[in-house]
Structures are given as C-alpha cells and as structure tokens.
Amino acid sequence: MKAQAGPPEIARVCERIESLGYKAHIIPGEQRTAIGITGNSGPLDAADFEDLPGVAEAIRVSKPYKLVSRETKRENTTVRVLDVPVGGDEIVLCGGPCSVEGREQILEAARAVRAAGGQLLRGGAYKPRTSPYSFQGLGEQGLRYLAEAREETGLGIVTEAVDVETFDLVEAYADCVQIGARNMQNFSLLRRAGRSRKPVLLKRGMSSTLEEFLMAAEYILAEGNYNVILCERGVRTFADHTRNTLDLSVVPAVQNLSHLPIIVDPSHGTGKRDKIAPMSLAAIAAGASGLIVEVHPMPERALSDGAQSLDPKQFGELAEDCRALAELLTMRRRLAKLPVTV
Amino acid sequence: MKAQAGPPEIARVCERIESLGYKAHIIPGEQRTAIGITGNSGPLDAADFEDLPGVAEAIRVSKPYKLVSRETKRENTTVRVLDVPVGGDEIVLCGGPCSVEGREQILEAARAVRAAGGQLLRGGAYKPRTSPYSFQGLGEQGLRYLAEAREETGLGIVTEAVDVETFDLVEAYADCVQIGARNMQNFSLLRRAGRSRKPVLLKRGMSSTLEEFLMAAEYILAEGNYNVILCERGVRTFADHTRNTLDLSVVPAVQNLSHLPIIVDPSHGTGKRDKIAPMSLAAIAAGASGLIVEVHPMPERALSDGAQSLDPKQFGELAEDCRALAELLTMRRRLAKLPVTV
Amino acid sequence: MKAQAGPPEIARVCERIESLGYKAHIIPGEQRTAIGITGNSGPLDAADFEDLPGVAEAIRVSKPYKLVSRETKRENTTVRVLDVPVGGDEIVLCGGPCSVEGREQILEAARAVRAAGGQLLRGGAYKPRTSPYSFQGLGEQGLRYLAEAREETGLGIVTEAVDVETFDLVEAYADCVQIGARNMQNFSLLRRAGRSRKPVLLKRGMSSTLEEFLMAAEYILAEGNYNVILCERGVRTFADHTRNTLDLSVVPAVQNLSHLPIIVDPSHGTGKRDKIAPMSLAAIAAGASGLIVEVHPMPERALSDGAQSLDPKQFGELAEDCRALAELLTMRRRLAKLPVTV
Amino acid sequence: MKAQAGPPEIARVCERIESLGYKAHIIPGEQRTAIGITGNSGPLDAADFEDLPGVAEAIRVSKPYKLVSRETKRENTTVRVLDVPVGGDEIVLCGGPCSVEGREQILEAARAVRAAGGQLLRGGAYKPRTSPYSFQGLGEQGLRYLAEAREETGLGIVTEAVDVETFDLVEAYADCVQIGARNMQNFSLLRRAGRSRKPVLLKRGMSSTLEEFLMAAEYILAEGNYNVILCERGVRTFADHTRNTLDLSVVPAVQNLSHLPIIVDPSHGTGKRDKIAPMSLAAIAAGASGLIVEVHPMPERALSDGAQSLDPKQFGELAEDCRALAELLTMRRRLAKLPVTV
C-alpha cells in the first residue's frame, strides 16, 4: 500500500482479496503496510489489485514462503515475550533447566537467570523423549512452578508444547510457546500455534533445510500468528565430537531471507558443557538475536541433559561476555553506517 | 514362562507386576509366552518374579527398547493387514498413489495394483506437506474412496494419520494406519497408534538412527498394539543423485535386533522413477518383507510425487520380478538349512 | 563417425582436432566409432568437424564429464582384468583379505576364492591407514605373494596403489590397480593411473557426489586409459548401525549416465560381517556388475578389518547365492525384451 | 623430564628409546621437556624409562594420536610463518585469491591484504580441481609471482602443495605449505610435509571426524615437523544454504585435545560472500587463532571461487571488526583470571 493509505483503503483491498476466495494478511511496516495474499493455487493477476485506491504495487512473491519473507516485509520483526523484545537492538538471554524437576529447582534456576541478567526462563513441563520409559515431565504441575518462578522473578516463561492436546494448557501458562525440533514438521501443531495469541519459538528440525525451516514458520504465520522466533539448535551430521553440528551459518541465511528474529541454542547444539561458552559467543558474533541456554542449579543431578547444562556461575560469566560482545558489535555496526569524514 | 505355563500362571505373574506399580505385556510366542515389564524406572529384582509358578526365568533386557526386541520375543512377528500376512513367508506388495485425488483415480490405481498381484492399496487422504499452500488431501472424502476401492478389489487399505485429531477417522476406514517419516517422533501420535486395534506402518524418520526408529516402535507396543510394520524410506545425506539415500542395510539390522517385520519404500527412497525397479529388487534381496510403491494411473498428471510414481504396466512388471526373486531367495534359504548329504 | 568410416577418415578428424590444439580420444563402439575432444576451454564450432569426410555428426556433450558419459559412448564398456570381463553378461566376484599379511594367508585366501568360483583376488600390499602407527602393509613382498597366488590359482590380482611413488611397482604386479576412497580426488594419482596400461578400480570417496565420482574417472580416461571399473563402498552419514551407509542407488544412477561398469564393496560398505550377505545380494539385484568382498582364512586373526571379513565357507555360500540371483535377473531381462505373443 | 633435566639426560633417554627400536620425539615445553615415543606396536613398560636420570614420569598416552595431544604437551604451540606467530595472543589474518591468476592480480591482492593489516598472503599456484578440464593453476610461474608479492609487501606466503612431485618446488617458495581438504588423508603427501622444514597448514577433510583430523596431523608430526596449523573449512552435510557446513564447534574441540593452533576458512566454509563476515566473527568468537579468507581485487572476474571472495574494501572492514572482537575477548579472558576483589 502507499504510505498515505489508511484503514479504509486497506479494508477495501482485503475485501477484494476475500471476495476472490483468498485470505488476506495485513502486515504493518514502519513506512508502509503490506497485504499478503495466501490461499491461491497459482499466480494471480496483478491488475485485480493495482487499480484499487491506495495500492502502491502488486508484487509476486517468488519464494515458496510468503509471509515470512523479506520480500513481503522488509524491516526486522521484533517479537515481544512478556515485555522483552526479541529481535531488537539488544540480545536476549533465555536460561533454565531442560525439565522442570521440582519447585525448588526451577525457583533456584530462575533466580540464577535473573541474577545473571537473563530476561527469559526456559523449562520443560512436557518433554518429548526418545524412550517411552524416560521421565516425561511434570505436566501441569511443572507449568504451575514456572508461573510461580515468573511471579517471583518477573522473567517471561518459554516452555514447550509437545502436542495439540496439551497446547491449551501450555498456552495458558507460557509467555512464549516452544515447538521442538522433532515437531518442526508436525503441521497440526504448527497450525494450532498459528491460532495462538502467544509468541512461538520454533526450533529447526534435526535435518531440516533452510527452506523447510522457513516453510514451517510460514504454517504459523499463515494462521495469523506473526510472532515467531526461529531457533537454530544443531543439525545431524556424521561429526561425532558434538551431539549435533551447530550450523551458525543459518543465522545470516535466515536474516537474509526473512524478517523473523533468530536465536541459537548452544546446549542442544553441542551437547557438551565446555563447548557452550565458545559457541554462544560465536552465535552472537554471527548475528543471533539471543541465546537459549540450559542452566541448572546442580547440573550433575539433572534428570535430563545434565552434561550440557551450565551452573549458575558459568551462566553468569557467559551472560556478561555475551553482552560485552553484543555491545561491541552494535557499536561497530553503527560506526560502519556513519558517513566517512576527512 | 515355562512352555507348560497356562493362563492362571500368566495371570498371577501379571498381578504381581501390577501390584508393584508396573505394566505387564503378554507376548505369546510359538513355544512359550513372554511377559514384558515396563514402567520401572530402574533394574528390578529377578527374585520377585522367579519364585512364581510357571516362570522359567527373569531376563533383564539390556537394550533401551524392550517389547520390540528379539531378546523379548525370538520368533518373527507376522502382522495381518485385513487378511494379508506381513512378515511371513511371502513378500507383500503395497501400491497406490501418493494422494487420493478422486474416485476414478483411486479405483483405477486399485485395479492396477490388484491386476499386478499386489495385496495392499496405499493412498493418502491426509497429506503432510512442506508448504501450507500445497494440496493437503481430500480428507474423509478420500477415505471413502479408499473404502470403495477396497470393496471392489478386496485390497487392504494403508493410509496415513497425520495427527491425533483425525486418527479416529483414519482408523475407522484404514486396515493399516501409516505414521509418516516426519511424525516418527510425534510421541502423542505414536501413543494414540498404540491404543489402536489396527496395525500400524511406521516409517523411519529422515535422520533417524536405528535406535530411535526402534524406540518409536516401542512407544506403540508399550501402549498395547504389537502389530507394527517398520518401513525404510530413505534418509537425508549429502548425496544429490536421489531425493533421499535408501539405507537398505537397516533391513538386516532391524531383523537382527527386532522381531517386527520391515518393508521398504523405494519411491520416497529414491524420488526417481528409473531407480524404483532396481532398488525394489535390491530391497527384496536384502530381505525386506515387502514394498510400498507409488503407482498412479497417469503419473504425469499426479498432484504430488508424479516423478516417483510407476504407471500400472511398470508396476506389473516390477511385481512379477519381485515375486520371482523372492521365490528364489526362499528356495535358497531352505536349501541352506537342509542337512548336507553325500 | 559414420558406420562405414575407416581408419583414414578417423585419422583425419584426429589431425584436425590436434591442429586446433585439442586432444582427440578414439572411442570404438559396436556400430560406430566416436571421437571425443578434450582440452577446449569453451564450446567449439561443430562446422569445423562436420565437413570432414566420414563424420556423421558433431555432438556437444553437455555434462562436465565427457569421456565417461553415455552421450559419448552408448554401449556398456567391458573391462578385462587378466582374462575376466567386468561389465559383461556375468557378474564378477573378487575376494581376498584386506591386507596381505603373509604367504600362507594369501595363498589360502586365494584358494578359497578360487574354490568358491571367484574370478579375482584382492589384497592390499600398501595400506592407507588413519594412524601412522598402524600396520601399513608388506609392500613389495606383499605384491610378490600376490603374484605367487595368481600363479597357483590363475586369479587376476586387484591391489591398491596408494601413491604415485609406488605406482610403478604396484602396476608391475597387479592385473587391476585399485585407487582407494581416500584417494578418489588425489588428482596426480588419477593422472598416473590414466597413463597406466592396466585397468583401474576406482572407489567412490566417502562423501563424494555422483558427479565428483564420474569426474574422478574422467581424469583417468582423459589421460588415455579407458579401462576403469567404478566401485561403490559406502558413504559417510549420521547413521551408526553400519560403518558406512552403502548407497546402492548409485549403481543404476551410474549406469544411466556412464558406460563404465560399476561393482560394489559390501565389506567396507557395511563394516559388519552379518550385513555382507544381504547387501551383496541387494547389490546384484540393483544391477551391479560384481562384488569385491573381504575374505580371510581366519577373520578373527586378521590384522585389519577382521570384523568385516567372511571366512571361506561364508564366501562360498554367498558366491553361489549371488550367481543364482544374477542368472535369474539375466533371464528375466531377456524375457522382458521378447515380443509379447498372444 | 624433570624441570632441571638438561641435554645429557634428554639424550640418554632418546638413546634408550632408539635402542629398543622406537622413535624419540623431543617436545620442549615452557616448564619441562617431554619426549614422545612412537613406533611401538603395543604398550611399553614404564619401568624401562623411569629409572633413567632426569625422567619425571612415563605416561601412557591413551589417545590414538600422541604427538598432537595435549597429554604430551600441555602448552599451546605457536607456529611461526615467516615472522608471524600463529596460535599466540593475536589473531592472524591470511587473505588472497583462490588462484594466482597473474602478476598484477596477486600484487594487487597482496597490497589489499597488507593495507587491511593482514599478515599472510594466500594464493594457489597448483589447484586441485574436480574437473580435469578446469584451470589447474599457473604452476611455478604462480609461485614466482607470490614470491614477488612477498618481496614487495613483506607478507608470508601460504600456498598449496597438491602432490609429492611438486612439493619441493612449493616448499622452496612458500613460507607455509598448505595441504588441502581433499588431501587430508593423502598419507604420502602428509609424510612428505612431515619431512619439510616449512610450517604446514592442514585443512580438515570434507567428511573428516575430529579424530581423523588429528591423526592426519599426527602423520606430519611423526616425521619430525611439529609446525602444523589446523584449519576448519566446512564439512559436507545435507544443508544446502551454504556450500559446506562450517563446523565451528571443532575449534574448542581441537583446543581441548591438542596443543596445535587452529584457524578457520569462512570462504570455503560457506561458499557465499554475504556469509563470510558473520562467520569470520563467529570463528574468532569461538576462539580460532585466525582466518584464511579469499580476497580478490575484482571478485566478479575471478577464474575460480569469485562468488566466495571479498573485495579489498570488504576485507578491510572485516579485518578491523575481527581485531576489535579479538581484543575484547582477550581482555575479558584476562579479567576472568584476575582475583575477585571486593
């Protein structure tokens, strides 16, 4: 739409779109509003829309993904989790245990995250486990503990929904609903997340290509939820010195193609405690908008993923290093944009 | 249990197991009945069970999977789909289109499969698609067409359930419910399949290890459904001459560790029509219990996967070759077991 | 060239090619002779050649490989190793130990291969080993033992040349010089092999694409040695139930693009003895022209690769199964070509 | 050896080692000298050495690599290329074109690298190319141009030796001889490099595990050349948004196991110009000792790898960003070691 187009023009374009049997998506930008069209099975006629008042141009989006594409929205999207902006100027640190194991454990973890200057608390109440006989999480009790931790610390809660059945419950407690790597192509779950009013953290699947990753996000946006944070967590390769191979190059690749923010999970990405700090710094240097890190008050006693969890002290040092690094990078990016004076 | 142990002894062991808070699984074998115990969080005391009447021995299953393991059940499992035994002496050929696209299409495909001597009909009414904008299947209408095709041809129906929500419907129509590769670790769906009384065809995930594959099957058996057919359909690698890399070595590897039957999908496994016949023969030669192949009356008009579908004539030739090959292998296996006479 | 073109016409075309600064490769076929041109940095003018007497047409080869391509030579190439045709109507079985460990060992292995009806003997005198401290082979002494085994059994010798320095020596003893997977892109070694008058067995690299594999062969042909046998030996993937993932789909893929024969190494391809037989049969069913299998008189005492070696009895049974399978496939291929009569 | 052990004690230990038929490697450290033993086929008796004067203890090195291991030498190794320390306190930037294409091109590239504060110049005179018909480098002429560039700019020269035959020539001109990814397991070439007095830059193979990478370095050290710089350059995976998947986690993994320095090649590691800067920063943040980056005066005219080359301006900005980042990290590492004061 043209910069001066107002609600009536926008509404009229949406009507036209819907009268043709398609779905309209209003995507506000800083300068102009874009209106995405989905539901068409082939190319549309630009002339059907360009004659409407307020329309600047009708652009054919050439990628298989539309709403997640920078072609549709040029500016970066900032997703607010509780009151924390993800994808803005500052990096976001989300810490917490793999699983909520008990009231004390999650409260202590939350205090540690808070003390380190972290903004978000992670912790699984429902855990997708390879074995049906492994600990599957505390369920709603875990969610209640998370809510208590939020009340005490003010941290926003990021927790996973493993299926459509328990989504309502998770959504009720969470400030951001995580979709795990194994569910990246669980399309029913993605659609349900798309109908949620909570932001969604979408993890890249273990052998997902960049296009599949963005298409999974597209499923969520196509249902109307534009608050999606992407997350790289390592992919599966032949390499055996880490649990997964953290593919940091996907960070600039996503930023090139999409307006959505992307953060990095160095805990699952490496699976080894001594690799978390260097890979966290590397993620920030590569341009990630934040980190999601496993922090446990006593990693050696964790019911799951202890070997890849930091203790509070380690997380505190890491947080400080990351912030210093992010500040430097922000400063240098600003310098690079200054006019060169003689 | 001892060979002579009868229902009362078995019942008593189950009671003991349940009184301890665990779950008992009765697994009948040719010679003896085994009773699996799940739900324990650590090793149990063998003495708790060995003193009961009819108990032969209490074996600790060392693998993370129990019910799918050959340690639990030595003989091959034969799964009956409608009246077709999968995993028995004869190979099973399942053919049909990727998606049910219409009444005529699926009826023609079913007739072609029947004419070629195939025993099962495949066809998706619900399709998991990478893009939210791609054709997602005909839904219940597609299931009704499949039922009609079964009525006319007598072929058992194999069709995919993509989520828990539509599982009931799929289960009502299908003779065997397929769980797709993307859902191999959708644990809620696996549990639901485990509560079904229909057999389940479980496809290996795109980057699934053998252990993860067997653990996914374990989820289904742990809920009480022991009729699981495994299916190799190619894994994701760097190789680009085929859509996926068909890992036939998983066939003998599964047969070594598990009593469950395994079949092969050479259509998704290669993604290219001219590779289907050689890889089908290779799969049979590697010992697979059958094939699931995409067959379309007019592959060039298919709404999905046309490039990897056979036409009826090609499928007919392939079926004949496969049967000839399977017969030869059966004959040679019998010869190998004969006593050598001078 | 036209079918009736004789040596003088061929010579004249070669002269023209060379006068333009390129290299001519005469490739005789059943019906007609083709002349390949290499050394040009861009497209040539067809008119420069089509006006010469005897020239049927000038075809631009579109693939990056030329001499290995079916576009250049339509008929299958049969490579003769000693007197054994590889790539002809019958499958070829090459067996023998990973390394030549001593005189008795290689003689016994050779006798076992011979007794099983194998045609070629493998055995490494020079071994590329991951560790500098591992057994590196017996060197020339090993080659002498191989020659002695040939003398006694009549088997042709396939043995590896690991570098240019020892190539002369290996070439002097071998009937077919093997280039190992790690050396598939050792271009100096490929060029040296291209100047050899002995046939070459080229193994696919651990993470080689089909195109890289064919380009490696092209290096050998480009130097004038057209007797190249390709060999699939498994690629590196995330899968951990076998040492490598045997990619049998490369067999029909190679046969589609190239006239060169391809065989399969199920020993390195799986790394596990109990997978060798099923994957050997699968390889033959996929259309491979033969197998190269590790056979050791006493696998449990082997200095290298014992876990993936067959003993003589196992090899004998496998050989018989493979021949029966190959016969059946040949018969069915002939049947398929017969005119259908009513 | 004990800290006070002098040359006579060391010599005596070496004698003992050699008298037993093994090879002794003197490895000087900051505090103490270590003496590595290789050439033994099994465990040795510690008592054979511990009774000699000056011996502190005899340690069995448990890894398959010995000389590259931190168990053998605790302090980081600094490798000097010309006068540039690699692996010391400061990061090292090596820039230059993929291939030396001409005198002007390499001189301009060298000036650009110099101007940006880079310390080393890369450029291939011998190029390993997938196709026999691609540009294979200028050979010795290219080496002469590199030498001229060194003379003018003072930059040390890093250039690849592709085979044993041309090693002498490359060694004569180079300040550091590169062994490329395809040759990582070309053991003859590694041994030749081990007998060189020039430092060696060893690139990780395309599908090399960490252990194979270190074992390849071990081949060089085992021949007596301890000046080896390791280099991560991306591995081959299913991911298709970059040419290779840059595995930065191997940087801390190498540093954990080995005393050798490791640098990163973001050009081959990503294959895309717009990924080079973020991945360069990520590499430095992960702890790499430097970068080797493709820089071309006019990337759009490069004979090879133009799409992954930076122009002089881009390299200048990158160099500045990297140094600022490295300084920050050094500062923070020092801070972390300070005693905490109240």
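Chains here go by letter, A, B, C and D, matching the order in which they are written, and residues are numbered from 1 within each.
By our rule, a residue touches a chain if its C-beta (ideal position, glycine included) is under 8 Å from a C-beta of that chain, and two chains touch if they have at least 3 such contacts.
All figures in this text were calculated on a predicted structure; none of them were measured in a lab.
Asker: Counting C-beta pairs in contact, does A-C beat A-B or the other way around?
Answerer: If we tally the contacting C-beta pairs, A-B comes out ahead.
Asker: Centre to centre, by mean C-alpha position, how many angstrom separate chain A and chain B?
Answerer: 36
Asker: In whole angstrom, how far does the Cα centroid of chain A sit from the Cα centroid of chain C?
Answerer: 50
Asker: Tell me, which residues of chain D touch at least two other chains?
Answerer: Where chain D meets two or more other chains at a single residue, that happens at 207, 236-238.
Asker: Chains as vertices, touching pairs as edges: which of line, ring, star, complete or other describes this one?
Answerer: Basically all the chains touch each other, so complete.
Asker: Which part of chain B faces chain D closely enough to touch in the complex?
Answerer: So the residues of chain B touching chain D come out as 207, 236-238.
Asker: Contact residues on chain A for chain D in the complex?
Answerer: My answer: residues 207, 209-210, 235, 237-242, 245-253, 256, 269-270, 274-275, 278-279, 281-287, 317, 321, 324-325, 328-329, 332, 336.
Asker: Which bits of chain A are touching chain B when the two form their complex?
Answerer: Its residues touching chain B are 38-41, 64-66, 128-133, 162-165, 182-183, 185-189, 191, 206-207, 211-212, 215, 218-219, 222, 236.
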